[in-house]
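Scrolling down, you'll hit the structures one after another.
In what follows, subunit A forms one complex with subunit B and a second complex with subunit C.
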Partner chain A sequence: MMLSFFDQFASPTYLGIPLIALALSLPWILYPTPSNRWLNNRLLTLQAWFINRFTQQLLLPLNIGGHKWAMLFASLMIFLMTLNLLGLLPYTFTPTTQLSLNMGLAVPLWLATVIIGMRNQPTIALGHLLPEGTPAPLIPVLIIIETISLFIRPLALGVRLTANLTAGHLLIQLIATAAFVLFPMMPTVAILTSTVLFLLTLLEVAVAMIQAYVFVLLLSLYLQENV
Partner chain B sequence: MQRARGLEGTMELAAGYRGIGLSMFPQHLSTEHVQTKAPPIQPPATGSQGPLTEQKLMDMRLSELPVWLTSRRLVTPREAVAAVQRGWLRYYRKYIDVRKGGIGGIGMLLAGYCILSYAWNYPHIKQDRWRKYH
Partner chain C sequence: MLSRLALVSASALKSSGPLGAGLVQASRSIGTSPQSLAPVPPLPEKGGQVRHGIIPEELFQFLYPKTGVTGPYMLGTGLLLYLLSKEIYVINHETFAAASIGIVIVYGIKKFGPSVAAFADKLNEEKVSKAQEVKDLAVKSLTEAIEEEKKEQWRAEGRQMLFDAKRNNVVMLLETNHRERLHMVTNEVKKRLDYQIDVQNLHRRLQQEHMVDWVEKNVIKSITPQQEKESIAKCITDLKKLAQTAKATA
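Showing the complex of A and B:
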């Protein structure tokens, strides 16, 4: 039986435990708790530097009400980035290729921002449905369009992450298979394909980090509108 | 070496007492002769096999591993979790929690993760072997 290219996205079970359980709990081990020493080890120093820079950057446009979400955003960013990057290692499983997981992250967080806006400042939250300076005849149409775009946000958040990672992994597997099969027949073409594979892997590393950042950035923007 | 204040009169330190000084404070007493450590015990002969269950994991040979695992006294889940925690802390303190740790600490973890994932996937991957006709 030949394996299809989509088999890498099925989480295999071993002794009844799916691999996704191990893949989801690994980021917990990789980031140790900071100790109360003055000088920590290199891993903790790097981790603290990165989290501080990222949180400062992300929370810059948010007001004080939005700062309550700081820990959630920082941990979500670290979690997603680690999951994406670990999935680039051979034979590992990437949980963020599963639409269920990404929708499970996107829908509750988006809904939380909408509910916060509707409860605390309903007029302003509804006012976002109409951009400033629209001509009068366009107002009804634009409100409908903006409502649709509001409700499509969680779908877009989840599907964006899923699609980017799934497409990246599939491309890597396809090009690697091509290089592997071409090698006995046409070594030159195989070397070119290997070069493409190498560049693609670099791209995938970048995509892994960028997609996690975009997810959290968009959530912070949605929060900024509503808080 | 600790300063033994007020102990000049005791018998054990009398042999090391350095005489009367002019100051009111006692002199620095040497205590090399005081036996504070137990004499070194002879290390057990190499190759000696005590009871299999009492040896630690790192002393086992690979072929003895299944016997060792099954003959340990039945552990509660709490003890198992505590043992895993201790093992992790040993690894962390040796390779990661050092002043100039390198990439090896995390690298070994990730390599072990890759190998574990491969073993996890193997029943599925082995179906994709070289065949004459696909």
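Showing the complex of A and C:
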């Protein structure tokens, strides 16, 4: 059976058991539970510090109504970042390369923000469809454009995450294959390719963290508009 | 959840016949537990010892009696060679990717590990120092309060002397007052007595003068004109005699 480069993105099953469930739930064990102690070990201290700082920064522009989403945002960020970073290890499967998962995260959350806006402050929510200071003749066109932009948002959220991670993983595979194939034939070129691979890995680490952050940040922005 | 299971099974055992009740008597009664969360056992100072970042020291200690110092390394090398030679682990493109990410991880940990650990320690240290500050402040303010209290006690002792002095003052004032009044009384009495004396003197003088006047009047009355003439003639003769003597001596 010929292996293509896209087989790494096939959702793994074993004897009919979808292993994506394990891939989604096992990263949880990497994070220790906060204990009753006042002074904890280093891992717990750093974890608590990071989550506190991140949530504080993210919730700065939100008003009190938006603070209800604090736990969701913090856990979503940690979840996505862990999944992305663990996917960079060899022979691992990254669940966030699956469009189904990312759309499953993006669409309900985006829809929640829209519905909250429409229910609590429909005028303001609809008012976002028309930016301030548009000249009068442009208004109808702009409303259509803004509506399209509104409905593209969940698609963009999901596809952005999927595409970034899939592209990154594919590139790593391709360049690693190139280095592997060139190694017996032209070692110097293989070393150059390995350098490219090293740099790409660094980029992918950054991308993994940034994409998770961007996902959560955009959701908080959508919430800010509507709450 | 398991404790609930134990409770349910315990109550089931209790209600199930004569033997069940006897069995449950041996176990602990419901509502108490030998476990206790306090005091919390202290955290170990350092984490588990590892060699080369991931292999626990306990493996080396475990293998040391039988295989010495190089035992675990021989085990590792042998295992690796076995996996490679039997193609249980196939070297493919993922190996390169693994090497790449491995270098990134090792470099990251070596470079940023100590600083991150120091940062975590600093966070804990700040927590402790804040609490320590509160405690030190409280201790300091209490010590100062003790000092103030001692000073107040010393002042209270000193107040006794103040009271004695004031008491003396008052006594002296009273004494002075008393003496002044005595003086005044004496003066008044003396004045009255002096008055009486003056009155008596006045009486005596008046009596004397009156008597003298009466005597004079009587004498003058008793001098008859005959006697008057005689006395005047006598005086003239006396005077003449005197003039003669005077003329004689001069």
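Criterion: the second predicted complex is superposed on the first by the 226 of 227 C-alpha atoms of A that agree within 3 Å, B and C clash if a C-alpha of one lies under 4 Å from a C-alpha of the other, contacts with A are read in each partner's own complex, and residues count from 1 in each chain.
Note that in this section a residue touches a chain if its C-beta (ideal position, glycine included) is under 8 Å from a C-beta of that chain, and two chains touch if they have at least 3 such contacts.
Everything quoted here is computed from the prediction, not taken from an experiment.
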Task: Dominant contact partner of subunit A by residue count, subunit C or subunit B - done: C
Task: Which of subunit B and subunit C A:Tyr14 touches, first, second, both or neither - done: first
TODO: For A:Leu30, decide between first (touching subunit B), second (touching subunit C), both and neither.
DONE: first
Task: Which superposed partner A:Ala156 touches (first subunit B, second subunit C, both, neither) - done: neither
Open item on the list: Just to be sure I read the superposition right, which of the two partners does A:Pro90 touch: subunit B = first, subunit C = second, or both, or neither?
Closed with: both
- [ ] Mind working out whether A:Leu39 is in touch with subunit B, subunit C, both or neither, as first, second, both or neither?
- [x] both
Open item on the list: On the A-aligned overlay, A:Leu22 touches which partner chain: subunit B = first, subunit C = second, or both, or neither?
Closed with: first
- [ ] Give one of first, second, both or neither to describe whether A:Met71 is in contact with subunit B, with subunit C, with both, or with none.
- [x] neither
Open item on the list: I'd like to know which partner A:Ile139 touches here: subunit B for first, subunit C for second, both or neither.
Closed with: neither
- [ ] For A:Ser194, decide between first (touching subunit B), second (touching subunit C), both and neither.
- [x] second
Task: Contacts on subunit A seen with subunit B and repeated with subunit C across the two complexes - done: 39, 41-43, 89-91
- [ ] Over in the complex, which subunit A residues touch subunit C? Could you list them?
- [x] 36-43, 45-46, 49, 88-91, 172-173, 176-177, 179-181, 194, 197-198, 200-202, 205
Task: Contact footprint of subunit A on subunit B as seen in their complex - done: 88, 92, 96-101, 105-106, 109-110, 113-114, 116-121, 123-125, 127-128, 131, 134
Open item on the list: Using the touch definition from the top, list the residues of subunit C that touch subunit A in their complex.
Closed with: 37, 40, 43, 47, 91-101, 103-104, 116-117, 119-121, 123-124, 127-128
- [ ] Would you pull the subunit A residues touching subunit B in the complex into a rising list?
- [x] 1-3, 7, 12, 14, 19, 22-23, 26, 29-30, 32, 39, 41-43, 86, 89-93
